[in-house]
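The next block holds one structure in the form of structure tokens; read it before the comments.
Should a chain be cited, it is by its letter among A, B, C and D, assigned in written order, with residues numbered from 1 in that chain.
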Amino acid sequence: MPTARTGPSFLWLLAGGVPVVVVLAVLPPFIGVYQTQQLTYGLAFAIAALGFNLLLGYTGLLSFGHSAYFGAGAYAVAFIIQRLHVHSLELCILGAMLGAMLVSALFGYACVRHTRIFFGILTLALSQVLYSLALKFFWVTGGTDGLRASWNGLTLLGGLIDFKGSGAYRRFVVSYYYYVLGLFVVAVLIMWVIVHSPFGKALQAIRDNETRAGFVGIRVRRYRWIAFIISGLFTGLAGALWVPLNGLTTPEVLYWPFSGEIVFMTVLGGFRTFFGPIIGAVTFNYLKVYAVASSQYWQLVLGTVLVVLVMLLPAGIVGTLGQLANKLRPKQLQQG
Amino acid sequence: MAILQTIELKRYFGDTRAVDNVNLSVNEGEFVSLVGPNGAGKTSLINVITAHLKAGSGKILFQGRDITDLSVTERVRLGIARSFQLVNVFDDLSAFDNVALAIFSREGKTAHLSALAHRDHAVIAEADDILSQFGLAAKRDDNARDLSQGERKLLDVALAYALKPKLLFLDEPTSGVSTRNKAAIMDTIASVVRGRGITAVIVEHDMDVVFKYSDRIVVMAQGTVMAQGTPDEIRSNEQVAMALLGTSGPAAFDQHSLPQSGPQKG
Amino acid sequence: MLEVKAIDTYRGSAHILNGVSLEVGSEEVVCLVGRNGAGKTTTIESIMGFLPVSGGDIVFNGESIARLPPHERARRGIGFSPEDCGVFPELSVDENLMIGRWLGEEIVRKRGELRRDPQDQAFAVFPEVRSLLARQGLHLSGGQRKMVAVARAMMLSPTLLLLDEAFEGLAPVVVNRFTEAVLKIKTLGVSILMAESHVAAAARIGDRLYAIDRGEIIFHGPPQAALSDERVVRALRG
Amino acid sequence: MEILIVQILNSIFQAASLFLLAAGLSLIYGVMRIVNLAHGNFYAFGAYVSAWTVGAAVALAASRGINLGVAGQLVLLPLGALAVAALGAIVEPTLLRPLYRRPEEYILLITFGLLMVLEDVIRLVFGGTPLTAGSIMDAMGSIPIGGLLYPAYNLVVVGVGVVAAIGLWLFVYRTRFGVILRATSQDRRMAAALGLNVGRVYIQAFAIGCFLAGLGGAVVVPAQAAVLGMGVDALVQAFVVIVIGGLGSLEGALVGALIVSAVRTAGVQFFAEIELAVLYLIAVAVLLWRPTGLFGRA
């Protein structure tokens, strides 16, 4: 049996991915603390966008409430550090994943009964339940002040690395960068396997044609729910990783415009591609940082960019590059 | 032995009696054609049996078991599959992925998150085999949306076939396909389906096709079964000729003689 | 009055019509017959402007309308009753007809035919509709819906009426009623292009007949000739 | 007893503005199937424009020794709504129309971009300080309800709300344009085949929806200051209203607005901590029980 292309091979992923990871790994000494920090933010958001895109790009569901799972992860970590006085980040992350899973399983169960715009509105409304609870239950969440989660009490890798003594902050930023990079690579690999698994194919089938998916025996609602939970887990992990870097979490990350930002990142990169959301998230982070730094009217700048992008680059950055490459390819063949 | 039985099955849409008291029985291994004028209720009947539509009243028995209240996926898992009149495939997936998905689903592998779909050599081999049985091997990696109408119809049937059903419904598998390719497509479908001994119910307008392949023909009109029998019995049934072609006489089915008298649309 | 000149139409990426040409003369009933999926509805929708034509031209009363939006085509006097009737389900029958009448009155005014009342014409064709005025579109039976759709199209005071599957799903008695109505419309000076999957019904009513198969016109001529044309009969049967 | 009456009045006062906001959102969705995420910011924009206009006019008049009076100020109030309607009439053909053929996600994103832009445009134009048309509120004084004093202006808003509800109902169900709107929302192809210029209907519907949002903002601003971020908050509340009432339904917007306002008023009294959460949970419960809301149709 000739084995023609049936999917991108694992080797191909390694060939493309390893150089990128190597570059990312050697960067910190060259770019300084601030840029390392920004890159860490970008990677954390990339994990969130990757999770979000399992729903939008692969299952065809546009969630406008992913702030809830990001926030659930973030608050869980901050809560564990501050109130339970746990210092091991791994334990914190475990708790955060558990929290995000609970919330996404609960919300998802209600949401996957709907599709299209109703799904979007329902996810939004539910995420705002969490937001208003975070505002009101200040004895748990710190209300509008949020919860602090200071980095200097933390230990990584089960206590192997801690941050005491001089130059601790710098050490924290750099080691945390590698920590997040490592988890990012793991997350990408896991997501890559998921979308290329039979389960991932089933999700794409549901996205394409819900009716027929039922007629080949796929339990549409259950699969959507599972996708929802996985998506929530990834986004929750992102929230968990974001907190120590940011130093605190506030209700802002639960407010629905933040969900909009996650959508923005994904579409910016291109939601019909695997790597689009990653590129989009890193790019978005820089866009936002520079927009905020260069103008107090950063929303105006970002909003305009979004409008222009949607009008001109509907396939996103990666999607458009892919289309360009496709256009160029036949020409080269003709020329050659 | 009857693999499928419907008992006083009904489904109305307002005043329209799409399926009206249908008692249909299909025997194991049979190739049954469902014929009748547009709007006779053929597709509605299939929709009700496959749970695409809810039954208004009545019962559906599959292998003696009451399946009236089962969902689409539950009926699929019992071994009922179907194709669609208007092509209903996964447009953004390749032809290969379409068929492979059906196989994964049949084997319960769609619940696997940690296995790579393109490493499952057994499924790949089977999917490729099915594609080539349906003459789609060359289009293996093309997205379904880019296939021709005829190829899309075949893929639709291949999807249902890949589920290894016990009972297969084919709703106008050649509609919208050019006449030139029609016979070839029907031959392909019939040989594949018969080769496996699958019980099949097919909706078809082309009486040549119907007479050629069917063990039994069921004629529907206005939501009811108005006649059934072997091709020979149906060929000589005047009432059926009237309903189908708006003309009378056994000659109506002879492709060279033509309807002369006035029509009765119904 | 209507000339369809070698049009090509796509639905998404599917090439449906391949160089379809047909003509409708004034006060003529022309039937377009073909099997399900042959391209009848696509032809009608191309003429009405719901689908863009990628090649060829559509000329109505000497003017090319191929690039006009649907509402401009309606304003030039083309009435349309689609296969699914298109009766607004949550509007009363009265309101359904009203929308047609507004434009009809405008058209009549523009033409200077002040004595002609579009409403009278519509009710002349289907007096039954008068008794349905207070009903909601949703609560009509299939046959009533067809009547309302045709009456509403007549409210436009059209010179050309496009009927898509006007007889589909009608009981035999009602079919006769519709045949009468079509002939009545013709006597009002309105041309009709009707898409019909039942060739015998079409033959009874049409002045001329086109047969379409796989997006191509395979026959054109008097209806009786179609019934004795082997290609047509084969195409219609399978 | 008086307290109860005041509470009921307060709740209707809130409902009036919320109804206008939600009715606009629902109308746009009903006719065009667009969920406009920038709708709340249109509302905020209306509030700002009205507050600014009234404030500027009062100041200008005062500098010339003229007293505008209550009537003069009230007349200026709807200017915010008109400004928003004009904005809507520009936005629909330029930003939204090019995307109708694309998946609906894109329109949602465009309106999200618009939300961000408007948020800052408001800040840029009107500055960060809250704006209010409180002069109207002051000029109108209070009326006694039993032993309590109640601001007379709030009663005006209640009146506007009632008039708007009745007027909108008459407009949609009794006028020629209402028939056109409903027809277009049910079957745009057939509407076009009957000679209706669907493109123009869309602009009009969008502008009317925006007008309602702007009016909702305008009527609030004499009682509550326009502040940054009010649009984003308002949108979520409007969502709750239409989730409860049903997307695209006018009756739903009314009933939803009354329910939401009643719950909020009661919430402040009895369960202040979780008032918003209760509201969202009610919305979720309604959606689970009736997926298309109380008055919605699929």
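Things worth noting here:
The working rule: a residue touches a chain if its C-beta (ideal position, glycine included) is under 8 Å from a C-beta of that chain, and two chains touch if they have at least 3 such contacts.
Here the structure is a predicted model, which means the values were calculated and not measured.
Between chain B and chain D, the least number of touch steps comes to 2. Common neighbours of chain A and chain D, by the contact definition above: there are none. Two chain pairs are in question, A-B and B-C; the one with more C-beta pairs in contact is A-B. Farthest from chain B, judged by the mean position of CA atoms in each chain, is D.
Per-chain CA centroids place chain C at a distance of 43 Å from chain D. Inter-chain spacing, taken between the CA centroids of chain B and chain C, is 32 Å. Computed centre separation for the pair chain A/chain C is 54 angstrom, with centres defined by C-alpha atoms.
The complete set of chain-chain contacts reads A-B, A-D, B-C, C-D.
Per the touch definition, chain A reaches chain B in the complex via residues 1, 3-7, 9-10, 193-194, 196-202, 204-205, 207-209, 211-220, 223, 230. The touching residues of chain D, when paired with chain C in their complex, are 176, 179-180, 182-183, 186-187, 189-199. Put simply, chain A touches chain D in their complex at residues 56, 62, 64, 110, 113-114, 116-118, 120-122, 124-126, 128-129, 131-133, 135-137, 255-257, 260, 263-264, 267, 296-300, 302-307, 310-311, 314. Chain contact summary for the complex, chain C toward chain D: residues 48-50, 69-71, 74-75, 80, 82, 86, 88-91, 95-96, 98-100, 102-103, 106, 152, 156. Those residues of chain D that touch chain A in the complex are listed here as 33, 35, 37, 95, 98-99, 102, 104-106, 108-110, 112-121, 123-124, 232, 236, 239-240, 243, 247, 273-277, 280-281, 283-284, 287-288, 291-292.
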